[in-house]
Structures are given as C-alpha cells and as structure tokens.
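I've put the structures underneath this note.
Next come two complexes built around chain A: one with chain B, the other with chain C.
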Partner chain A sequence: MTGYALRRLLQVIPTLVGITLLVFVTLRLSGDPIAAYLGSDAADSAVITPEQEAAIRERLGLDRPLAFQYLVFLRNVARGDFGQSFIYQGRPAASLLLERLPATAALAAAALLVAVLISLPGGMLAAVNRNKAPDTFVNVYSVIGDAMPNFWLGVMLILLFSVRLGWLPVSGSGTWRHLVLPALTLGTSMAALQTRLMRSGLIEALQQDYVRTARAKGLAPRTVLFKHALRNAALGYVTLLGLAVPGLLGGSVVVERIFAWPGMGLLFINGLGGRDMALIQAVVIFSAAMVILANLGVDLLYTVIDPRIRYQ
Partner chain B sequence: MRRLKGILRNPLAVVGAALLLAFLIMAAFAPALAPHDPTSQNLRARLLPPFWLEGGRPDYPLGTDQLGRDLLSRVLYGSRVAVMVAFGATGLAMLIGVLLGLISGYFRGALDTAIMRLVDIIVSVPNTILYLTILALAGPSLPLLILVIGLLGWTTTARVIRSEVLSLGKREYVEASRALGRREGATAFRHVLPNIMGSVIALGTLKASATIIVESTLSYLGFGVQPPTLTWGQLLSQGQQYVSTAWWLSTFPGIAITLLSLSLIFLGNWLRDLFDPRVVD
Partner chain C sequence: MKQRYLQWLFAAVSVAFVYANAQSTVTVAVPEGPPGFDPQNNNRAVASGIYINIFDYLIFKDANGDFQPALATAWEPLTDTQWRVELRQGVLWHDGAPFTAADVEFTFERVANDPLLVRHSYYEGITDVEVVNDHEVVFHTAAPDPTFLSALSRNGASVIPRHYYEAVGVEKASLEPIGTGPYRFVEYRTDDRLILEAFDGYWGGRPEFDRAVFRVIPESSTAVSELVTGGVDIVTSVRVSEVARVEASGSARIERVGSNSTQYITFNVSEGQVTADALVRAAVDYAVDDSLLAEVLTDGAGVPVRARVSPETSFSPAGLYDAYLYDVERARELLAEAGYAAGDLTITLMGNTGHADVADLVAAMLAEVGIGTNIELFESSVWNSKYWQPGDFTNVAFGASSDSSFDYGNSLIDLTCPDGVHARRSHWCNEEYTELVDAANTEFDAAQRAELLREATDILLDERPQYYLYSNATFVGVSNRLSFTPRADSLIVLAETTAAH
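Our next item is the complex of A and B:
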C-alpha cells in the first residue's frame, strides 16, 4: 500500500512538469512579458527609454536563455510564488488566490451536495424501476442536463426564483441565500452524468450472482438493494466524485461569473480580461494540481474501499 | 445503409435529424430567412416583447433588444458560428483523436506511453480554464476558437479509440493480415480502422453536441467569437442584463443552444446503439 502510494506519487511529477512547461510556453508565446509587466498602455505610449527597458529585462531575468527562465519559473512555482498581479496593485497572485479560495470551496461543496442529492436517489430509482416511468423521467433529465449549457440554466433560475418569485437574490454574496442559486446551477448540471453512471452501476450490480443469492435466501428487497447491490455500486460512484473536480473548477468559473460570486473563478476572469499573467498562471497551475491530487486520492481510496484491489 | 433506415423506428433520432436539418438550413440561409438586418436599430421599437404578448408586434416575432434590434434575426445569425464551430472543431478533434488513439493502441510501446502522458497533461487542466487562457491571451477569433477546441479537445476520443483498438488487436483477421506480411501501418488502416468507424461516427456526433456547449460558454464569458459577428453566447450575456425586464432576450438564445445540442445527442445516442449493441441502456 505505502509502496503503491509512493509510486503513484512519483508518477505525478512528470505530469506536473509537463503542465508547468505548457503554461510557461503558452504565456511566453502570447506576447512580450515586458508589455504585460508595464501594462499595455504604458508599452504603447513608449513611456520608458530603451535603457530603462533593458534594465527591467535584466531585473526580471528576461535577458537570460529561455531554458534558464523556465527553471527559475519552476523554482518559484514550487515555492508557491506565482509573481505579482498588476491588476491588483502588485499584490502576490498566490495570496489573492488564497483569499478567494474559501468562496469557491463553499460553492463547490454545496454544488457537490446538490449533485449527490440528485444523482444518488435518482440513479437508484431509475435502476430499480428500469424501463418504467421513473427511469424514463431520469433519462429525460440527464439528456436535457447534458444539452443545456449551465450558464443558461443559471439565468433561467434567476428569472424564476429572483425576478418572478423574489425568493432569492439575483447575484452577489454574503448570506447563505446567495449561495443557493449558484450551487443549484453547478450541481444540477453535473448531476446529469452522475445519475446516469449511478444507474448503470447499480443495474450491473443487481445482475450479479451474489444479488441473486441474497434474493434466493429470502432477504427483504430493501436489504438486498442497500446492503448488497448499493455497496458494490458505490465504488464506481466514489470514483465519479473524484472525477468531478475538473468539472467543479471549470464550472465555477462560469457560475461565479453568472452570479458575481467572488471566488477563484471570478478572479480568473478578471485576470484574463486584464491579461494579468501572474493571476492566470496561478489559477491554471493551482487547478491542475487540484485535479491531479483528486485523481491520486481516488486511486488510493480505491485500495481502501475495495480490498480485492492490490496494486503491484 | 439498411441499418441506417432503422432511424424511422427511433422517434427521438427522427426528431434529432429534423432539428439538425432545420439548424443547418438556418445557418446556411440566415440572410434570406431573417426578417430584419440583425444589427439595424429601431429606437422606437426598443425592448418589445414577443408578438403573442401585449405590446408585441408581428414584424418582430420574438421581440427586440434594448436598441430595438430584432431578436429572431439575431438568433438566426447566431446559428452560423455554432454550426461552424461544431463541425470544424469537432472534425479536427476527431481526426487527431482517432489517429493518435489508433497509433497508441496499435503500436503500443514508447509511442503509446508518450501519447497517453500528453493526454494526462491536457486533461489535468479543466477544459474551460485551458481554452479561456489561450483565447484570452492570443486574442479570440473564429479560426483560433476552432483550432483551440480542435487541437486540445481530442483526449477522450483518443482514449476510447485506443481501448477499442487494443481489444481488436488480438482478433484473427488482424493476426491474419500481419501473418500475410502486410506492413503494420497498412493493417492498422485497412483492417482496424474500418472496424471502429461506427464508434467514431457515434462519438463524433456526441462530441459535436458538447462542442456547441463549449463554444457558447466561451462566448458567454466574452472570450469566444467577438462582435460584430453574432453568437448565441453573446446574446445571452447581453440578455442577462435585462433579465428583470425582458425575459425573452435571455430565454430564446438558450433554447436555440439547447435544441441544437439536443438534436446531436438524439442522433448520437441512436448511432451508438446502432454500432455498439453491447452498451446496456
């Protein structure tokens, strides 16, 4: 177990290096860092002399070879130093990110709760009543959930609950009531896939021999479902929650924009608008690290939940 | 071909095909179909509701926006970017995904490891964040949008094709072709590829539906195709500002996105069941 965990951890390193390389190359290809450093207006109106520019280049290490610059970048990233944000008056991008993190974490947790509350009973109802009315209903929901962009769902929820009924605020943050619509938007759109997979996982489990045996020995259907089938279907479901992390992170960018929810996603959009390299690279690398960690966590959890799995 | 006629027995697939055809016609003939120039303003007809509501006018069937521009015409024109990106980006992504998946699954070894490691790297950054970063930094445009989604959106396809090829690799006809001394590349393209074509088509149709959502999301956030070219995402983002007074501005563009995406899902599900009867559903 420890050996496996260690090996899995080592495997993560090339992926992380690959991502930092990807980010470094993308940011460098996208324009002169000097212009970004000074802000595009300053660069356009040529407020600095060539000598001053050369001095800044030297101070920022931009006169060094690219490979050397990449190593410096890597060292800084490893220290959690993503550089200074220029749209937020030179504050460190890392601390801006940390400040916004709780809001995004709250949104993600609430959305995940919504998704579980929909997909767990939904998938079970559909699997138990296969090809009957509840199954059809769940199928329709999951297809529409896939076809409907979540930003539109968000606006429609605003229209219904904020404009028409006046129950919930249109946007912003501060109270739990501000969190309801963003969490519903993110959670229901993610639940479509999860419901489908819960359903097919449970259908598969219900066809296994041990379920037939349990039924044959006269156990109550409820016991068979919860104690025998569901427990085995849970393995796939847990994986799914780990795989939901990229969806939560990407989705929070959209949902935070719809509802002006002041999290990492909104910070990222602001960074993009201002071409703020420090902020952009902080968010990209942080998200990638979260995704990799989640995948790692799921793999390790697997060995705990399912004792049959032994990695060599 | 005979199998394709079976579409008539699947009502959802028929609806999907009809809807898709309608959207293709909309996109191709938007200028002829639109009742107004989508950019022409009429300040005496601002924020008109759809025609069936009080105050609506039949010459503006879905109502108008804050500058008196006809919403129906704007939605019609918006279909063009959606259709172009859906076909262009999905086509490119499928081409790369199938090719790399085939190489990965058929030749295995170091090439396989390299390709799968690249997939790991790309999927580590959430799609939305990856696309937004590149588009925002390079300056969003229609060709770039298609390139970005096409060049980065092939990972799932490559994984699925790889596993299909892996399971085909041990079949007798593949072994036979190899035993006959045919070059490896020829075996891969003549014998393996045709046998996964069905999955490729089904996968591509479902992927096109996801591409439509991605395109509209990017343009809703302001980093898709830029004005004056109209997109559904832009219309929705503008419409959201008037959500409390003019519901139609944020409702109809969303219905358009959902219906186009739905049409491809219906068709894709039918194709998947057609080519892959093993799937339990």
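Our next item is the complex of A and C:
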C-alpha cells in the first residue's frame, strides 16, 4: 500500500510537467501576450512607443527563444515561482494564489458538505422508496438541479434570501453567513448527480444476495441498510466525490463572480481577462495538481472502503 | 415611576454612546479591484477613479472641465517648453511628513524616465523637473505642449511621496500607499474590499464620511441587489438591464452620466481588403443609423457622434456631437460608384463577444443596402491580442476608446502615423493629418489650435479610417441617503460626497 502510494505520487511529476508544457504552449499560441497588456476597451486610450513595447518584452523575457522561455519557466515553477502578475502591478503570482486559496477552499468544503447533506439522505430516501412518491420527488430534484445553471441559481437565491427576505448578505466575505448562498449554489447542482448515483448504487446493493440473507436472518432494516447495503453503494459515491474537485474548481469561477467571493476563481477570471500569463499558469497548474491529488486520494480511499481491493 | 426614569436615562445614554461611536461610512461597489496602488503603473479607469481619494493631482479638473488648484496653487508658462508651478504649502502626507517640491520632482522624473511604467508615454516629453525651492518647480518639456496642464490633471498624474518610496521600495509603496488625499489607506483585501479612513490633516478639510469602503463586485446584478438592500451606497457601473430595478426600488436612483468613451468601427484599409476603398467605408457610414444604435444599446443615454467628441472634452469641434449620417439611398449610390451591385459585397465584422449586439444591428442595417456580412466574435482577451496585432482583423473591427485627459487633440494622436495605436491597427497613414495633429499639439494659441484640429478632423471625416458610432453613457446607482454626482471622467470623488439633506 505505501509502495503503491509512493509510486502514484511519483507519477504525478511527469503529469504535472506535461501540464506545464500544455499551458505554456496554448497560452502562447492564442496570441501575443503583450497585446492584451497594452490594449483594451476598458483601459484608457494609450500610445505605446516601440521602445516601451521592447522594454516590456524584455522584462517579461518574451524576447528569448520559446524553448528557452519554457525551460526558465519550468525551473522557476519547480522553485514555486510562477512569475510576476502584470495586471497586479508585478506582484508574485504565487503569493496572489496563496492569498486566495483559503476562500476557495472554504467555499469548496462548504459546497461539498451541502452536496453530501443533500445527496446522501436524498439518494437513500429514493432508493428505499423506489418508485414511490419520495423517489419521484428526488428524481425531479436531481434533474432540475443538474439542469439549473449556477449563474441563474445564484442570482435567484440572492433575490429570495437577501433582497426579499433579508436573511443573508447579498455578497462578499467575512462571516459564515456570507458563505451560505455561494455554498448552496455550488453544492445544490453538484448534489443532483451524486443523489442519482447514491440512489442507483443503493438500489443495486439492496438487490444483492447478501442483503436478502441479512434480511432473512431477521436483522433490523436499519442495520441492513446502513451496515450492509450502504457500505457497498459508497464506492461509486466516493469516486464521484473525488471527481467533484474539478467541478468545484470550475463552478467556483462562476459562483465567486456572482457572490463577489474573493477566491481563486475570481483571480482566474481577472487573469484571463488581462491575459496575465503568470497568473493563468499559476492557477491552471495549481488546479491540475489539486485534481490529480484528489484522484489519488480517492484511489487510496478505495482500499479503506472495500478491503477486497488491494494494490500491488 | 423612578424605575421608568432610570430606564429612560439608560436608553438615552445608550443612544448617545452608540451615536458617538458610530462611524459614518460610504460604501462604493466597483466592478474590478485596483491592481495595486502605483498610479503610474495603472491604465484602468476604475482604479484611477479610486486613487483620487488617496492621492492628489497638482491640478484638478472640475466637473465642467475647468482647471482648479490642487497641490499646485498657481501655474504659468515661462517659455514654450517651460512651466512654472507653485506648490501648496502646509500639505501633509498621510504619515505626517510635509509635501514639498522634491515629491513633485520624484513623481514626474520617475514616470518620464521609466518605460516600463504604463503611464510613461504621457510624460516622456518631460525632460527635467527643476526644483526652485520647496514650493516651486519648473517643468521642462522636450517640445511645446499646450496639453501640459491636462497631463497634470489626468489619470497617472497622482503625486507620490519620495521619502516613502525611497524608504520602503516600490513594492510596499504600491501595496500600502501613502498620499496627500482626503482619505488614507487602511487595508486592501485584493479584489474584495478597500478600506479608507478620513484624513484629519487633509489640506482641503476633513471629508464628511469617516470611512470609505470600496467593495469589488464584478457582477452588476449582485451590485444592484446590494444597492437596493443598503449594502452599498454607490454602484459605479449599472448594466442597462438593471436600471429599471434600481429606479423601482424606492431606496436608490440612477444618475446618467456622459463620458468621452466613444464606440467606433475601425476599418482595415490595407491593400486587398474591401474596406481599402474609401467609397465602401462611406457607404457603411451612410447605411448605419447611429441614432438607433445609441437608442437601443444604451437605453437612450448614448449620443450619436461623428468624432471622438463630448461636451466635457476640450477642443471638441462643434457640430459633430449629437450628429450622424444616415441615408440608405446615398449608401446604395456610393456602393454603385465603388462598382458593387446589391449583393456583390460581403464585409467581415469582427469584435469581442461583448460586441454581439452592435454587430447584429450593424449587419441588419448593412443588409438593407445590399451589403452581406460575416460576423466573427472572439473571447475578449483573444480579441485584444488580435486587434492589437496590425492587420490581424478583416475589414471591420468594433471598439471603444476614451481619453482621460479630456483633450480632443490628444485623442487624435491615436491615428497619427506610424505610432498611433489606431493607425497601427487600421494601416491608415496620412502624412498631412499627422502633420496637422503634431502642429496642433504644439500650438499654444487656442484659436489656431482649434483650426488645426478642425482641419485634421476634416481629413478623418473624408477618409474614415474609423467611423464613430456614439458616445457611451454610464449608469451610476446612488442610494437616496447620499448626495453624489458622478463624473464623466469616472473619478469617484468622495471628498465632495455628503449625506442627502
């Protein structure tokens, strides 16, 4: 197990190097980085002299061959230096990222909690009451929840809970109350898919022979459900929780914008808008690392949930 | 009875205590946070709008566009290339240090000499800032510059403290700024909120509100929800679709304010482009109903224009504001003159995804005169890099530009050749035009300068490397508890903001 974990951890390195190359190349293929730096509708009209342009290119290292730029970039990334963000007046991209990390982590954790709190009981309720009213209700929820765009849901929640009822702050951060609506927005849509998965996994488990046997032995229905069926249904559910990390990171981009939640998503949008290479590279590589680690975590968790799985 | 008196007394004392401790706060929602606090390394209008509360210019343009003393109390040209400026005495930086001529020297020599600063091009003409004494300087410029006073009162001209920059370095100074403005910096949580506190030692008198908070709220509908629930007092940019919600709220109002941001079309006039033919460009101008565009796209607040003019922009030629050409028959004649029968000509319209509405409307209007269109829109950062690359767009590009100096002569520089940003994009190069603009921008005589700018404008109107659609307007949401007048230059001047009476 330890050997397997170590091997998997080592495999992360070439994957990350591949990602750095991909990000580096696609960013440069999509246009001249300096162009967005200097020209934009939102910016004041600017006259840029060729000398000024050359000076900026030199400072950003854009006057060097592409391969050289990549190697320097790779060396710096290995040292934790993602370069300086030019839309934030030269602040290190890594420190900007670290500054935003707690907000996004808090939002992701809260959204995950919302998703689990909805999907676990919801899926169980539907599975136990298959083809009855609660099942229909949960199914309808999971279809609507999946179909609702985060953007729309967020705006609706603001209008209901903040503007009409006045229960929660509209936007911003600082207290747990600020976290409620963003977490609900992100968690609700995520829960839809997980509810369906929990339902189908549990229905399948409930039809297995060992469940019938447990019932025949006269075990209490609750014991059968929680001790025998649920544990087996959990495997697919946990996988999806792990796979939810990219969804959480992607969803946070939209949700953070609606709720003015100062996390990584908002930073990423600003980076994209300004074609801030250092910032985009930092956020993408960091997010990729998070996704890889989450997948690894799920793989390792399998052995805990299902002792039959053993890695060589 | 006695108990009741005690209760009243307790309540009264509590109220007095709360009142004494209540800090009055004005909260402003802005769509983007400042990138930092180095005013010379910023070209974002929103950030400049915020900086004016922390820093001061030497000269401040009031809402009418007139120069008012700020850190400078008097100014005069000594020669064509020398300006003597007297500085205000008794001004303090937020750390208590006195403001002197050394700060002015440091500020303008830094921006004039460092090409890496975004605002460098505005000030590179300054060759020397001569300190005469602690309260007097003489600016030396490489060439005569009649727009020099505008340069001292535009975004990027904020005076910064020499002693602080030298003591802590640029990085810290741009994270925790010190200025001479009405509010001093307290805290900035990047892209979340900026907290400022009234500066007791401000030379212009302490502002009415004890605290000023700028909250970064990128989404307009969220900012409007904050406004109608009392979470913020001012929303600097309300989307057209949200205007009705603010007006119906009863707790806030919409202030419409003009700007000198002009929406335009840039033609690629290089060889091989159908838009290389001036007749085709003229046909497009006549085919498009600018008034309708302004009506539909800005909810009636924008005004059609034929050049980058506005009432607030000095030296704007008369007759080009609230003016447009729209004559479908004339457009058809011009097309025929250019050798195109109806349906023969197809033009590509390019822009970013934000230009979708204007592109659709223009395409429909061009179809009326028999011009077919292809619309190609790009994600804005991709578009910015395409548009910037000379020649990397086909036929027609949508765009908008503003000029924070509010001087018409400065906005014409953009089409001078070879370095003007728009000339590089459109490939248009007219030597006579460039000479006229250069001459106008070194001419001190106002009447002469206006005439030179008029002649340059005539060339633009005739050749149309760009065709101007309308002057944009901004909708600002303001809480009814506040008296606040938004400005065309988008400066958020909180020192002049008071509680509504």
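Throughout what follows, the second predicted complex is superposed on the first by the 277 of 312 C-alpha atoms of A that agree within 3 Å, B and C clash if a C-alpha of one lies under 4 Å from a C-alpha of the other, contacts with A are read in each partner's own complex, and residues count from 1 in each chain.
One rule holds in what follows: a residue touches a chain if its C-beta (ideal position, glycine included) is under 8 Å from a C-beta of that chain, and two chains touch if they have at least 3 such contacts.
This structure is a prediction, so every number in the text was calculated from the model and none was measured.
Touch criterion met: A:G18 reaches chain B, while chain C stays clear of it. After overlaying the two complexes on the shared chain, residue contacts for A:R257 are found with chain B and with chain C alike. Look at A:L96: by the touch rule set out above, it reaches chain C but stays clear of chain B. Look at A:D146: by the touch rule set out above, it reaches chain B but stays clear of chain C. Of the two partner chains placed by the overlay, only chain B lies in contact with A:A288; chain C stays clear of it. Of the two partner chains, both chain B and chain C are touched by A:I158.
In the superposed model, A:P246 makes contact with chain B only, not with chain C. Contacts of A:R275 after superposition: both chain B and chain C are touched. Residue contacts after overlaying the shared chain place A:I87 against chain C, while chain B stays out of touching range. The intersection of chain A residues touching chain B with those touching chain C, taken from the two complexes, comprises 30-31, 155, 158-159, 163, 170, 257-258, 269, 272-273, 275. Considering their complex, residues 14-15, 18-19, 22, 26-27, 29-31, 143-144, 146-152, 155-156, 158-159, 163, 170, 200, 203-204, 246-247, 249-251, 253-254, 257-258, 268-269, 272-273, 275, 280, 283-284, 287-288, 291-292 of chain A touch chain B. Of all residues in chain A, only 30-33, 35-36, 38-52, 55-56, 59, 87-91, 96, 99-100, 155, 158-159, 162-163, 166, 169-173, 257-260, 262, 266-267, 269-270, 272-275 touch chain C in the complex they form. Against chain A, in their complex, chain B makes its touches with residues 117-118, 120-121, 123-130, 132-134, 136-138, 209-210, 213, 216-217, 220-223, 233, 236, 239-240, 243-244, 247, 250-251, 253-254, 257-259, 261-262, 265-266, 269, 280-281.
For chain C in complex with chain A, the touching residues are 32, 35-36, 38, 41-46, 48, 115-116, 118, 120-121, 124, 155, 171, 174-175, 189-193, 215-219, 221-222, 225-226, 228-229, 231, 352, 354, 380-382, 384-389, 399-404, 411, 413-414, 419-421.
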